[in-house]
Amino acid sequence: MQMPQALSDAALAAASKEARAIGVPMNVAIMDVGANLKAFLRMDGALLGSLDIALKKARTAALFAMNTEAIGEFCKPGGTSPGLDATNGGLVVFAGGIPLHDAGGIFLGAIGVSGGSVSQDFQVAAAAVEAARSAQTEGETEWQIIPSGGQHPAVLSSEQS
Amino acid sequence: MQMPQALSDAALAAASKEARAIGVPMNVAIMDVGANLKAFLRMDGALLGSLDIALKKARTAALFAMNTEAIGEFCKPGGTSPGLDATNGGLVVFAGGIPLHDAGGIFLGAIGVSGGSVSQDFQVAAAAVEAARSAQTEGETEWQIIPSGGQHPAVLSSEQS
Amino acid sequence: MQMPQALSDAALAAASKEARAIGVPMNVAIMDVGANLKAFLRMDGALLGSLDIALKKARTAALFAMNTEAIGEFCKPGGTSPGLDATNGGLVVFAGGIPLHDAGGIFLGAIGVSGGSVSQDFQVAAAAVEAARSAQTEGETEWQIIPSGGQHPAVLSSEQS
Amino acid sequence: MQMPQALSDAALAAASKEARAIGVPMNVAIMDVGANLKAFLRMDGALLGSLDIALKKARTAALFAMNTEAIGEFCKPGGTSPGLDATNGGLVVFAGGIPLHDAGGIFLGAIGVSGGSVSQDFQVAAAAVEAARSAQTEGETEWQIIPSGGQHPAVLSSEQS
């Protein structure tokens, strides 16, 4: 099942709200079950270097359907999988990446947050996860209905970009 | 000058609205003057392969402060700069990437749109450019004021992520 | 705000002078707030392997608006963010990269120095930071005024490279 | 023989002067015979996307000891070496990269210029080449003499960064 925009919108809005509440501008990335980017926002004043970290946290959590810090357990000194964090083009294995589920508990992807302390990043991501679970995603498929008098989507036309 | 979120929000909203109006789901990417990602959205049903195209269109237009198709003129057969499109990690040189300016005409970055035909991509990007020019960006710096009772941003704390 | 060349010139000159004073040839890199290269110099006799280190120090300090060694605190053994140094294409997290500000305290980018001991690298970078703060950057916009009798910049001409 | 800074300084100064004379801000990169960066400058207002092009022009001309447009002859349609431009991490094969020689005709590296039209880029690079040939590089080795009372360069010390 694909992640509906209604869910990523709700997650992004909740993350922004939480970030503003604690006074820390954040980078927020949301990826779907294919670990492909669905939505992203760099809030005003958010650290530029955290852009890549937010993306990699979302990617890590989406790839393993697990919190980023849980992945870190496998590759910490003495762990079962040394170097795991160097796979997949580089994982980020500290807190701030969390899987996203819908109201029915279906795994739909993950969010990654970076810009504050690790605990602040986690707090903002957790707020987004909660919002995603409550997101109203009914009626989303209306989008793909061709409006009366409208043109058929050209997504498969020969002029496709 | 950094691109304020108020501007990228306005551009993204206008692009989404235009995409819905023509019935074609789009990938929309917005980058700042340093060609770093500010905001991104993959609308429901938008082609996955257009994700990278939208990012590269935004990057191309931001890097050269020019429409993507204008860059294409330089590297088309017989153009002055063969292979230009292979620089900068790969440019996209057909329409759908346009520079963004604020109400005062200041260049602040660029938008890249992909998912429909080239002309549809351009149409959606153009609607966003227009909205960006009219965006209300006053008062944006309020964000960085610490809310009363709030915590100081922890970006310099020892717990930095 | 973009970093004016007057500031990078002043920083580079001060770094060179300090390097000569201590008798250690250095690689010196300066990046703007978008972490894009503004200026670079490899002094005669400077270690070739330090070229990449200087670039990465400047990039690291620009991305996080923080000294490179401060970033190192987060990813050292027992730190909050293991593997942070592997993000953003590879950070350098020992001393020698320092943010640059203008006379008004505006953050404009960073300098990275490598070629000597870590303490020497830091010393040279610090001298540059001090010079940047005192740099005379007034009148910089004159550059973009077309000189009388001069040609209009061709950056938007059809012969663009 | 290594490229002395006196030569790269002279080339960079001449390029800047020529760029100002024609009113087009440029990116200027200088590489040595090992195709490693010696000096770089992004003038105020120079196109960000030309940064990579200037670097690749300098690299291309340094790697082949030949003007960049001459390399282009080999890989143009019908040329002897199709795809040559895709080697070495990506060459740039239009004008603006030129080898640098000293007064004695010794090949010491190359300069790459980008930011204007191809002919403007070439003009600025050519001015730098001329200046390099006339550069006063005598006495450069003085740099490596330890100043009386000074410390020995620490470049090989165990604290090397």
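A, B, C and D label the chains in the order they appear, each numbered from 1.
FYI, contacts are C-beta pairs under 8 Å (C-beta built on N, C-alpha and C of every residue); 3 or more make two chains touch, one makes a residue touch a chain.
For each chain, UniProt lists the protein as follows: A, B, C, D = Heme-binding protein.
Values in this document were obtained by computation on a predicted structure and should not be read as measured data.
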Fraction-based call for chain D (Heme-binding protein) against chain B (Heme-binding protein), same above half, different below: different
Distance from chain C (Heme-binding protein) to chain B (Heme-binding protein) - Cα centre to Cα centre, in angstrom: 27
Inter-chain centre distance, chain A (Heme-binding protein) versus chain C (Heme-binding protein) - centres from mean C-alpha coordinates, in Å: 33
Between chain D (Heme-binding protein) and chain A (Heme-binding protein), distance of the C-alpha-averaged centres to the nearest whole Å: 43
Junction residues of chain B (Heme-binding protein) - those touching two or more other chains: 2, 33-36, 64-65, 80-81, 84, 155, 159-161
Each pair of chains that touches, named by its two labels: A-B, A-C, B-C, B-D, C-D
Touch list for chain C (Heme-binding protein) against partner chain D (Heme-binding protein), complex: 2, 4-5, 20, 22-25, 34, 36-45, 47-48, 50-51, 53, 94-96, 114-121, 140, 143-144, 146-147, 150-155, 157, 159-161
Residue ranges of chain C (Heme-binding protein) in contact with chain A (Heme-binding protein) within the complex: 33-35, 60, 62-65, 77, 80-84, 86-89, 91
In the complex with chain C (Heme-binding protein), residue positions of chain A (Heme-binding protein) that touch it: 47-50, 52-53, 56, 72, 76-77, 85-86, 90-94, 117-118
Complex contacts: residues of chain C (Heme-binding protein) adjacent to chain B (Heme-binding protein): 1-2, 32-36, 64-66, 71, 73-74, 80-81, 84, 155-156, 158-161
